[in-house]
Structure formats: C-alpha cells, structure tokens
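In the two complexes that follow, subunit A is the common piece, with subunit B as its partner first and subunit C second.
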Partner chain A sequence: MPENDHYVIIGNGPAGNHAAATLRQKDKDAKITIISDECVPYYYKPRLTDFIAGEIAKEDLMVNFQDVKDIRIRCGQAVKRIDPDSKLLFLQHMEKIEFSKLIIASGSRARVLPTMSGYADHLKFVTSYTDVMEYKEEIRKAENFFIFGGDLVGFKFFKMLNSMDKTVTIMIDPDAFWPYRLTRDMLEQISENLLKFNTEIIVKDEVLSIDRQNGSYRVKTRKGIEKNVDMVLSFNGLNPNIEFAKGSGIDIDYGILVDEYLKTNVDGIYACGSCAQIYNQAIKSYTTSIGWPNAVVQGEVAALNLLGDHKIIESVGQKYFDLEGVKIKTTWWEDINEDNDA
Partner chain B sequence: MKDINIVIEICGSAGEGTISAGEITSRFMSSQGFEIMSFDSYPAEIRGFGKCVAHTRISSRQIYSPGKLADVLIALNDKHAISQLSTLKENGILIYDSQPARPHKEDESVAGWAKPGMISYGIPLNMLAHKASGNARGMNMVALGALAALFYVDKSPFTDSIKTRYAKKKQIVIDSNVNSFLEGYNWTKENIKKIDPHSFKDITLPKPKEKLIINGNQLVARAALDADLSFYAGYPITPATKIMEILSRELPKHGGVLLQTEDEISAIGAVIGAGFGGKRAMTATSGPGFALMTEFTGLSVMAEVPAVIINSQRAGPSTGIPTKTEQSDFNSAVLGGTGDCPRIVLAPADTKSCYEATVLALYLAEKYQTLVVVLLDFFLSNSIRNINIPEKPSSEYLDANIAPDKNDFKDYQRYKITKNGISPRAIPGTPGGMFFSTGLEHDAYGRPNYSEAGHTAMTQKRFAKFNTVLTEAPAPEISANDRDEFDIGVISWGSSAGAAHEAVMSAQKEGINASSFSSMMLSPFPEKALIDFSDKCKKILIPELNFSGQFAGFATRILKRSVERLNFITGRPMASEDILQKMREM
Partner chain C sequence: MKKNDLYSKEETFFQSKNKIYSAQSVKQIVYSTDIRDFGQVAKSIPCQDACPAKTNIPGYIRAVFEKRYGRAYELNRSANILPGVLGRICARPCESSCRHGETDNGQSVGICHLKRSCADLKPSSHRIIEGLYTPTEKKVAVIGSGPAGLAAAHDLSILGHKVVIFEGMDKPGGMLMYGIPEFRLPRDLLMLEIQNILRLGIQLKTNTAIGSDISFAQLKKEYDAVVVATGCVSPRKFDIPGGNLENVYNGLDFMKAVNEGENPFVGDKVIVIGAGFTAVDCARSAIRLGALDVSINIRKTIEYMRIDETEKYEAQFEGIKTYSLIQPSRIIEDNNKVTGIEFQRTRMEKIDKPPYRVSIPIENSQFSVPTDSVIAALGQSPDMSIISKKPDGMDGVFAAGDFVTGSSDVISAIAGGRKCAGKIDEYLVGKKRKRTVVRLENHATTDRQRSYDFIGKVVMNTIDMEKRLSKSTREVETGYNEDQTHEEAKRCYLCNLKYEIDPLVCIYCSACIDVAPKDCIKMIGNIPVNPDGTYGIYEETDDWNQVLSIAIDNAECIRCGQCLAVCPMDCISVTKTELIEIDT
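What follows is the complex of A and B.
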C-alpha cells in the first residue's frame, strides 16, 4: 500500500472534480488521482451544442477549476476492472493502480435502445466532447437531419439546428427522457409546442429501418414515413458508464447502487453523479439524479463521507425540467413548490 | 489544399528499431513530395539499452528547423517514452502499446502519464508484432502501420518504402516488416475511433524530383570526394565518425588514401604533411579532438600549408556529451591557438550547405594556403533532409593552387610578400622550387628569422589573405533586406540560423518588423555587412546554443552596442518557437 492514502476518483466531470477538490481541501497530504477515459480536461458538457452552433469557442468549453490542486489527472485512460479486495484498479493499458479509497463518478454515455440494434451503426450520438469534435464539421455541413428520441440534450440540439436554418425531422420517443417515461398527454403537448419551429414532428411511430444510400440516409418508419437525410442522431437518454465495476462485488442495477451517504456495499468505495442510483428513504427505492448542480453536490458529499463524515445527500438545482413547455418533476417524491424552481 | 506541418517522434530503446522507423517515415514522406527534416538522438554508449528518439518534421512547405514540440509520440518503450512526453504538444497524440508482454506496475506505463488534452491511442503493438512475425521485433512497423491508418496515409507506397529499406536483407526480414506494418494498419482501421484532426487524405503534392535523403556528415563526405580530396587522416569521434566511415569505403575508389591514426594530433599532423606534399587533405573531429589539434593548427597557418578540419561540435567541455548538440566551439575555432593566427572558419547553416562549405573549405585552403575549419554540430551532422542533388563543383574549385611561374623560380621565395598575402606555392619535388618550411617565424625563403621587421611583415602577409577571402564566400543571408529599418534584427550562425530565419518569418506574420542575418563565413567575418545590418535594427537578438554567448560576445565587439542574448544548452537543436517567444517579449 502507498505510504499516504491514495484516493482515486473515476470520472473527470463535475462530480469527480468536486470530489477531488473536497478531498484535497480536507486532506493536504493524500495522493489524489482522477482517472477518465476521455482525453479532454474537465469541460462543460451543457455547452457542447453552443460550440457546434459556433456561439462559443473551444476554449470556452473548458472549466477553469482552480480547486483541483496537486491532483494527478489521468485522461484518456479507461478503467477495465476493479478488485475491491486487493484495492486495485486495472486500466485498459495494463497498468495496475493501488487505491486506499475510491469514488466512482464515471458519468454516463448515450443510451442505445434494444430496438435500435438493427441500424445503430447509422446513428450518431453527440453526448461528449469527443463526439462533438468528431462530428462538428459534418453537422455544420449537413442540411437535413432526423432526430430520434427527445431527451433534454436532444431538444437543445434540435433548437441549435433550427437556429442554423437546418431542416429537421424529429421523432419523439416516450422513453427518451429515461428513466422517466413521457405520458401520452406530455407527448402531445410537446409536439404541439414544437410546431412553432416549423419542423416535422413524428409521434406514436417508430423507426423501422435506416439505410445508407449515396452518402445520405433513408429512414423508414413503421407507419410508412420515408425520409432522406444527411445525418440521423439519437438522443434517448444516458446509460451509466459502469462496465468496469461489473463482477467486482459492487452492487449494480442499471447504475451503481449507493445508500443516502453515497456509499456502495463495499467499504471505502463511493459513487456519485449520473452513474449512481441513490437510495431514497422517502420512497424506499433508488433514483438517479440529473443535472450539473446535483453532480457537484454529490461529488462533495461523497468525498466528505469517504473521509468519515456522515452526510445524507439531497437533491439540488432544478427539480423541474422544462421539456418544450412541459414541466417534468424529476424529484417527484418531494413536496416542493413548483414556482420556486424551474 | 491544406498545409501539412507535423512533427512525429518515435521513442524506444536501442535495438528496438526506433531509428529505422524514423528513417522509413522520412523516406516515404519525401517520396510523396513532402519536405522533411529528421533528427535522431541516441545514447553515447555503443552498447546498452539507452533511450533513442527519431524526430521527424514533415511539411508541405519549406522548413528551416526541426520543430520544438511533437504532434505525435510513438512509444515503443514505456520507460523512455514517459520522459519524452515533455516534448509532446498539449494536444499531441500518444500512440502506445496497449497489450505489453507484462502488466505495468503503477506509473510505469507511458499511457498513465498522458496529460489532459493529449489524445492516447492504444494499439497492441507487441501482440500484433508477434502475430505478424512471431516476435516483438516488428513493433516499430506495427506502429508505423497504425500511424498510416490514423492519418489516412496510403499504405501501398508506404510498404514500398519498407521494402526498399530492407532490400538488402533476406526475404523473410522484408516480409516480417511488411506484415507487421499491415497488421498495425488493419487493426487500427478496424478498432480505433479517430479523434484527432491530422489527415493526409486528399493531399497530393507534385511528383518530386529525384532527391537525396542525406545528413550533414554524408554530404561532407560526398562533397570532399567531389572536390577531389586525396588524403584523409582521422581518429573516430562522435559525431564526426560517419565522415571517416564513408571515406574509408569511398576514398580509395577515387584514388585517395585514408589513414586512421592513433589520435587526433597525429591526424592533423598527417593532414598537414599531405597538404605540404600537394594533396588535398582533411580530417574530421569534434571538440575534444579539435583541442588536441590546436598546436598543429598554428603550423598550418605559419607554414602556410593547406589543411581542412571539420569540427562537428558536441556539448562540452572536455569529452562532454558526445550525442548532444551545442555551438560551444566558436571561440576555440575562431580565436583558439597561439599567437596571431588568422584562419578561415566556415559554419554551414543547414544540411544542404554542408556540401557547399566543404567544397569551399578545400578550395580556400588550397588557394590561400592556410587552415580552414568547418564548424558543424551534432544536429547538422546527423539531421536528415531531402535535398536536390547538389551540382558538382566547377573546375576552378578543383585546382586552386597558385603555382610559381618561371620568373618565380629565378629566385624562388616560398613566402614572398605579396599584396594579397598569397605566395606562389611550389609542391615539394618541383625543380627549382626548393624551400625551407618551419613553424618558426621566417623570412620569404622560409628561413627562421626573428627580426622585428620580419615578424611584422610576415604577420601582415598572413592577415592580408583575409582581405580577399571574403569576396569568395557567400554573402550573408539577410531577410527582407529591402527595408530601411527593423524593430528587431536576429543575428545567428551555424545550425541556429534556420530556426532564426523561421522565427523571423513567423514574427513578420504577427506584425513584428524583423529581419534575420546569418553568415557562413565566421572568420574572417563580414564585419561591414554586420554593422550595416545592425544600423537598421532598433534591437538585436543573438540566439545560440552555448551558455556564455560566444558569438554574441564576438559580435558585440564588432558592433559596439548591447544585444539581447538567447542561449540554450539543452543538447537539443535551436527551436524557432523559442526565438519567436523571445522576440515577442523584446
């Protein structure tokens, strides 16, 4: 074991960075390492669409987070496996790292629905810096888009394309705002509100096939709609990034299961942010939080509890999300005043 | 068409094919019409497992310096590559072995040290090399295959370059290397999601003329042969040894003689002896060897015997750092030795001018009957460029001796006082041309003479040669010379001149009114041209690869004004980026 404690944080987003900063603030001597499979430093994911639209520069994506001092940030390095017994992390490039305590804040990645498997190769997912750098020129050049899904990022992306005078067809899926399923009334209200954008909206239908033809894509739906477009993008929510934790003995459902203190079932291992499912005493079940402010607070709380504190996590930030005029309460179990939030 | 300007570094351990991979990349890119400048660094020890780095800059435009930081680092050896990460750009690309033979302990993997913003591509170099050839030797070729796939480089001509490189080897060696390349190429195409912006796709340059891919040492040897060198004596020393190696093979084919002596003192002695006998002769050495030759250099000047010394500078003093570059022999070359000892010193600025300087050195030594020193350095000796095949020297450069005519033989004075300082030189054995020759001060017949008037006259005669030598040397290179005034003038010499020129071009694009001055001729120095240039400049910057600013001190004495200095002793070649930064701060 290392002479000083070695706190390792998997994930370089808001939860991971605020966890690291809190650890450093409380423990000046510990060795602290952030590991991220993305090559890029800490960045504002919500600003990616603004960057594609050309409204902000690449530099404006980066978070100037001065609090992560004397912390080693390992970027572009994927964790392949965790061995909690020997307190070892195995990285993809065959390096072993010893840790004293671990915080998993690995975030999430684009969710691929089982129904997409037949045409997933033709879908573009724009949920990370890497995705954006790969597709930004293609997006800027393309004229016709088919958006499939309709989560928060998807609608933001749609509005960005609309502002760029692109032609967009959007098919809204009730499962897109996963894990919250949109009701029929919600779907109808959303599509009605989108009409002002002079775009074609498809609801209560599903994609049957996507074929590549002469550099463009032909999308067919079950109800017989056919579209020729330059790009097909999927926005159907996110899935926790936790493959490396499978088989480690850490309890997992679709995310890493943690108690109200963000502690997993394994001593010394915590999880926070969108990769975690947090136990909620009020409903006796697990929930997943969304949004940057939640991630920040969870990172801080996970770090404090890892150091011996005993703080219960509470949801913060937006508890209602405006999905094209439809308010969706993500902490539906809480008794809160809608007017104070939004 | 977009420009290509990329620096690739391959880092491995000695014996891992690092230098070969760099050479193949350079040759391939040259064959595709790109400008290349490559530079290898390797350990001084002959045997062992030290760190090797093959550094190659590739550009679709003219380049003058090797580039300070790399865009791509290919790590063939994690231990060595970790320290090399410091020269990778903030957004650079790291290509590393993702499936090494053994797992890494913590912090022993280069991938673990990649900084945020760098892009890491893990390629199973070791595994694919074993798959291709049954052993790990092909890792370097797997890495090149991955590089080609990542950058959309056409694999077919690349494999042709590999075949050419190993053409003299057995077929199994060629096949193993090509197969390793293809394994890396195919695996990368199928498995790596490219996220960097570099691409050679759709870049087609005009079919290049036949080019030489050659380093400074090779060009010196080639120039010496083309300039009718008859005799070479030397003692091996890094970084000049290659000159001797080539000449040992080639000089006898041209009717010449090569003598490996027991040390550098003997080498210069033999060269002066051959020069005395009428043969074109030279030696090549480095700083420590040059120091040993110092006493004999005085004999060449005093006895007016042609001699050429190639001094490829290493980092010093003493035996110093044999495989690192430095420009710290300026003082010893230009000012070293005893007495008032005028000698000609040339410093080529780039690989191509190593040829020109060598031809000129042999010519000037013969014509002016004196010592000529050519100052190379480790970088110039070893950096590889693709250049047009140099034109062979015209006949006037091949027979420069001013021989006595029949009037001279009536009362032959080997050291006759003349206006230009050059006396008719009879080769020993010439009827009527007998003379004394000595390192002692002498009269016109060569007889020892210590008189006040005699020493004064002879010293003046030896210095008089300087008056005309300058007219035979290339004029100083001055950029934007049509302007009347510059905010900054950058004065440089030797291998730093390319970086200085490139920095000035970049500065001009940034709106800095700047110019560069460099002279191949260091002794005698074109002082008037330097003063004229200086008069146009509000500020002067002198970058050089030594600690004490040897040339800056020399120039200051001529200019009688203060100058900004920029000195590095990192062992790496001068970087245009550093000069540009200094210019911004001035």
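What follows is the complex of A and C.
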C-alpha cells in the first residue's frame, strides 16, 4: 500500500469505528481519519434510555474501544459535499480533505414527515447524545408524556418512562417502521401486549395539531382526542444521513446504494451501517439494516473489501426484533411479500 | 465591442468614474453586444441563464422588494407571458441554479413563489404593457393553444401579424387546462392570463381539429405561415400484459378526465407508475377521488425523479408513498378487472455510450401487490400525423414547444414559442427586427444589507388536508402575504449587479479581501475567456511579480457589499446588467 494512503471514514458510530479499527489492524501505516458531525466520541446509542432513567452514569455511555489506535478523530465537523473525481471532501467550515479511499458510515437521524411540519417544532427526538443531554432533566421532571410513532427506540423509551412511573399516552403509527408497514394483526397484537403497562393506547388516528400552552403541550388528534402533556416525543423511524452525497455521482435512493460487498458505484467508496441500502442477492433487492451488531460487522466488511478482500455481507445478530410480542425483521423490504399476503 | 455599438464600455467607465458614488450622478447606460458581456451575464446570473425564457429574475425580485408589484409582473410577462400561471406550476430550473442554494449559502431563493406574488399583489388597476408594431397584413395560423402556441401567437400579434389559433379542445390552454390539476392551477387565473394574450386581437377557434374540421393543406393555402404547437399528446404505451384492462389508465387521459370534471374509478388502493410531474398529479388527484392508499412507483432511485422538492414534499404530505427500483411486469386480473400488479426489482447500472446510469431488471425478482387501479404516467410524444402528408412542401410551416423538443415543461414551451415567433417574423418580413443586447448601467448602491444573507427561506402557505379533501379543486398553495414576500425578496443576492475593482485606482491594501465572507476577491495572474464569452477559472497567484490585477469573481461574489464599504479608494464599482431586446 502506498505510504500516502489516507482512508477517511464519515461517521463515528459502530460501523465507522469498526471499519477504522479493521483498517488499522490490516494497514499499520495508512493515515486514517474519522469525521463526525457529533461533538462526542464513540458512545453507546442503545444505552441512552438507560442513562435518562438514571441506571447508568454519563461515563458508561462512552465506548472504550481500544482497537482504534493512531486514528485521527475529528468531532463536530460536518461533511457538506463529496467530489469523487478529485477525491475531496468539503467540510462545513470550508476545509477540504483529500482521501484515497472513503467509507461512509454516517448513520441516520429521526424521520420527520411533511405531515408533521405544522407541529414539528414541538416534537422531541431521542436519537443522539446531544438530544439526550438537552432533554434529560426535562424528561426526568415531566409527568405526562405523549409518544407518537412507535419504532423500536420508541417502545424502549416507553418502557423506561413506565419504569419511572410516568403517565404516557402512546399513539402507534403503522408507518413508524417505514417502508415496512405494520399489518392490522400486528397492530392489534402490539396494542394488546402494551395494555399490561396500564397506558392509554391510540391506534388508527393521527395527530392533528400540537400547541404550546403555559409550558405544556395540547395534542389534538384527528378523531377528537385531546391531551395536555408536558412533553411530546416522536419515534417515527430513521432517515439515513446522506445529504452530503447528493449530486456527487454516488447512487442514492433512500440510503447510499451498495452491492453485496458494500461498495458504491464509485471505485474506492464504500458505505455501511444504517445509511446504506445493501443489495441482497438472496432476495434480489436492497435492504436497510438497523441494530448495533449489523453495523459492527458491516464496518469490518467494508474495511476489508476496501483493502482488496471480497467478502459478502450477511445480516448478523438478531434477525428479528421483538416488538411487544411481534417479530419484525432487522432488514426492511424482505417482508414486503408477507405484508401483501396479510 | 463593435464601434457602432454606441460607445465603448471603457470610455463610459472612465468618464463616469468620479461620479459613480455621487447621489447626483447622471445615469450612464451602455448597450453592449460584446460576447464577453453576454458571457458575464450568463455566468454571473445563473438563475436567469437557467431559465429557458431568460426571465430577468433579479430585476423582478428587486421590484418586488420595492413593492412595485406591477412592474415586477411586467418584467416577468415580457419574458414568459403567463407570470401568475408560472408562479404556481413552473418547473423552476432557476431555483436549482440559484447562488443562495450553493454549499454554505443556505437555501435557494423562492423565485417561483415571488413570481406568484407579483401576480397576487399587483394592483387591480395594473396596466399591461405591450410594445405594438405596425400591422403587416400577414396572416399566421397557430395550431394548438398550449403554452408554446399562446407564446408564439402573442409575439406574432405584437409584431403586427394577424393571428388565428386553432384548438381541438373545448377550452384553450392545452396541458395547462387539461393536464395540470386545478388544485395546483386555478382555472380563473389561467383564463385571465390567456385572455390578456387574446386581447391583442388574436382569434381563437376552439373545437376545431386539424384534419377533420379543417385540413392542414387549407391552412397552408390561407395563411402566410403555419405554426404547429400541438405539444406531446400521444401517451407512451404501457406495454405489459394486462395494460389494456379496465381501470388501467394512462396518466394523460386520467388527468384529462379529472380536469373535465369526471370522477374516474380509482378504488381504495392506487398504483401510479412514473417519475415525473404527471405521475405526482395523478397520485394527488387519486387521493382527492377518495383513494386511501396511493403509491408512486419508479424504475430508478428517487434522485432521478423529474419533479421539484415542493412536489415531493406535497405528495408526502398527502400520504403518498414512493417505491423505487421496481418496474411493472404484468397486471393481475380477475374477470377483466384489475386486482393487483406484479413488479420486478431493478438495480442501477452504468452504460458507457452515452455515459448514463440506467435501471436494469433483476431476474427472478418478481413480487406482486394488490391494487384496485393502475395509472401509468410514462410520458408522451408528439402526434406527427398532422404534418405527415407534407402538402406541397413545408415552406412557411414552423413548429414550436413540446412538438419539437418532446415532453418538457411549461417555461421551455413558452421559450420555444417565442423563439419560433421570431423566426416566423423574419420569414414574413424578410429581416430580423429585434436583437438582444446587454444593458449596462452604473448603479450607486449595492441595494443589499449583509443581514439579508442570514434570512431563512420563507415557507409557502398551504391549506390543511381536510380542506384539500373537502373540495378537490381548491388551490393547495395560498401564496405569500405581503410581509412574507418582502422578506423572501431580501434574500436574493441580486446577481445582476456586477462588482468590479478598478486596478488603476486600487492600492492593493487587501481590505476588501479581509472582509469578504466568500473566496470572491482574488489576486490574479490571468482570467481566461472561453469561446462563448464566459470567463474561465481565475488564475490566482501569490507571487506579486505575477499579479496582474485584483479582481472580484462575480460567480463567487454574494453581493454583500462589504468590500465597497471598506475600500479606502472608492475603486469598486457596481454596474447593473440586463439582457434586453431592442429593435435592429
């Protein structure tokens, strides 16, 4: 490998860090840089709810990842644009970074639908360290919550609130797992299983408006339900963070399109983790995976393939998430035929 | 610059050099045909350059800022004849090119919304301006009253020719009337702006089809010139098994039925195939016809959809989902009725000649979904049968708009119609009567404040979902109010103002470089000029022995005016540049 190789990884989550560690393990001399728009080092996102509940300390959120050695980590620096032809990254603060090969592991963020635009300013999200640091005390002090959507993080958050003896109204949106849509049977089964938590469950309804009144929020639904709550949290799935790649010539759909080897259509550029839409030969379609174990393996495979290997990615760890007694696959799209049969 | 082009720009500059910043300065105006001035305008005003009709966008936005809405409307109308219509449904190539949308500059200016504001806010007593030429006694037949036909008819009429428009349908407007849904384009507004064109003395003959009601040969015989502007009306065939079943529509016929007040059956679940505006219009119309689950299905990725962000947003807002990388393979039926559709998955591949990304079907990847109806909006092509017989040659026969270019957009069709009118006029009178020049005028101020650069884009007001469904034709967008209009107008960089440093006066103190928020003021060794008159990449140098000049790169400059404010030598000038038409 030439001495001046510079591997750049966009994203400081499990996919990005494991990609970096693998690159370092296989190539002792290359310059490796991780760029992240978050201002914190590598942390356990799944533990954020435990942190809010007070079950773990702030320090316990941080991942002590010894394998990341001799790697430059640039936090709080957002990539604005990629120019694959000149192999340049343009950062928000107008710096240009040259790369010889690139791994995009930029993850995802809370999905905000156009239908929410009228009240989006009043919604809170729990998708990043910064969100949680901002709302942690507010969540602890608040008594009444309205949870709307209901993805995996949402249900985990709901259980946490329940353990903290908070009053929660939950509105389940079948589209929260978009593009996978919960079937009627699934929705009923989930609702039934949630009843044991002594909470109010709203289904087959939509949020009409959210207004701020004297420090609390008034939520109105299309079917006329009105609730006064202290906080409204949205859990409507995730959107890949890929704006910086638009117009670069890298194939993009909802995420960055990659083949079974996690390679994009541009030589030397790979993508992994929840920002990638991965081609799966078995089902002849693209899938988007979620979950920490998948991200870790994808990071490693992307790094190995970048160095010349030919490993095909397979989903690992939990094949299914248990959503209140209902199994949902960790990859979207695979279920589309089952959905239609339902 | 040619000698007979009034006087040279340089002479003007030196003559007026000491008066540029004086409040009492006399306006110095130059009309230039120098290719470098055209190049400068093209590169420095990218919104105008991207507009097929070359609308003076910074000019009308400045007029909007000054609350001269009538003037702003007329600046628009002089280029695109239907400002109120285009302010609602334009494909907005200008906004994709807007400097404010470049990396680090924020979001592009709401140019289209401001165009609408011109029409919405102009006074009711607004005076329409037309520069009429003496009648020529020449007669021109225009076939088709869509945007291209209307634009051609308008310009020909202005030029003194007697124009008759032949329209096969009941009402004029073509795709504007029958293709675009009323919730995007109110018909009273459309008719008002069409009427403003017809008022020039243009005769409109509706329900008159060429071929059945009057022959093309007869038109050729009776008129000095004939313009074919019938657009693209032949839908691309939906060539899959089951494509002819009941409840399988082509997008154009579906929209025509909806716009004629019919309620075509859609059922609860609707599958729309297509990636353009018609597909979205069909999907949104299906929602208004009572469908509960509507999806748009495309062969490539969402990046390749030929619609703007507003349409994507509105479709999502109305609950329409988009599924990508799939293509239909057959319609599933039961007793001749649609019950489902089979798709095949696709993946993106590169082809080398021409270099392009295409979608390739994946073998054995079929899957099916239930549906009650299918709408295939796959695009359309022109109906060439109208001219296929070629009666006594084609002398005096012209064509414009989508009929020539294939399916495009309204602003391109208007530009095509106007260009065609110019060619016909030249054919009829034997000379070119108008030409485009660059008007250069000294400008005393920057017209902007630095604080304007930080104003966020003003979001268009829309009605809620209940209102959208309660009356299917109700317009979704309600326009900016006057305050919102004024705020959005501030955001325009006014790229028509050209900033220049006089290298003979400059003392190279670098004060302007120090305050510039962008990399827009450069020490240069050379500025290459491209064959089309545009400037190439400025050749910067740090070596003082190589510095030829200090120069403002107007393609980088965001017209903040900081340099002007700090220059101790007053050596930075501002010149307003405009493309205008003058008589030859």
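Following the convention adopted for this analysis, the second predicted complex is superposed on the first by the 326 of 342 C-alpha atoms of A that agree within 3 Å, B and C clash if a C-alpha of one lies under 4 Å from a C-alpha of the other, contacts with A are read in each partner's own complex, and residues count from 1 in each chain.
Quick note on the criterion: a contact is a pair of C-beta atoms (placed from the backbone, for glycine too) under 8 Å apart; a residue touches a chain by one contact, two chains touch by 3 or more.
Keep in mind that what you see is a predicted model, and the values were worked out from it rather than measured.
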Partner chain in contact with A:I97 - subunit B first, subunit C second, else both or neither: first
Touching partner for A:P41 - first (subunit B), second (subunit C), both, neither: first
First (subunit B), second (subunit C), both or neither touched by A:K246: second
Touching partner for A:K284 - first (subunit B), second (subunit C), both, neither: second
Contacts of A:Q77 with subunit B and subunit C, given as first, second, both or neither: first
Residues on subunit A lying within both footprints (that of subunit B and that of subunit C): 90, 92, 94
Footprint of subunit C on subunit A - complex, ascending: 80-81, 90, 92, 94, 113-115, 117-118, 178-179, 246, 251-254, 257, 265, 279, 284-286, 336-337, 340
Touching residues (chain side subunit C, partner subunit A) in the complex: 103-104, 301-303, 313-314, 316-317, 319, 321, 323-325, 345, 347-348, 350, 357, 362-365, 367-370, 464-465
Residue ranges of subunit B in contact with subunit A within the complex: 94, 96-100, 103-109, 111-112, 114-120, 122, 193-195
Contact footprint of subunit B on subunit A as seen in their complex: 12, 39-42, 73-77, 90-98, 130, 133-134
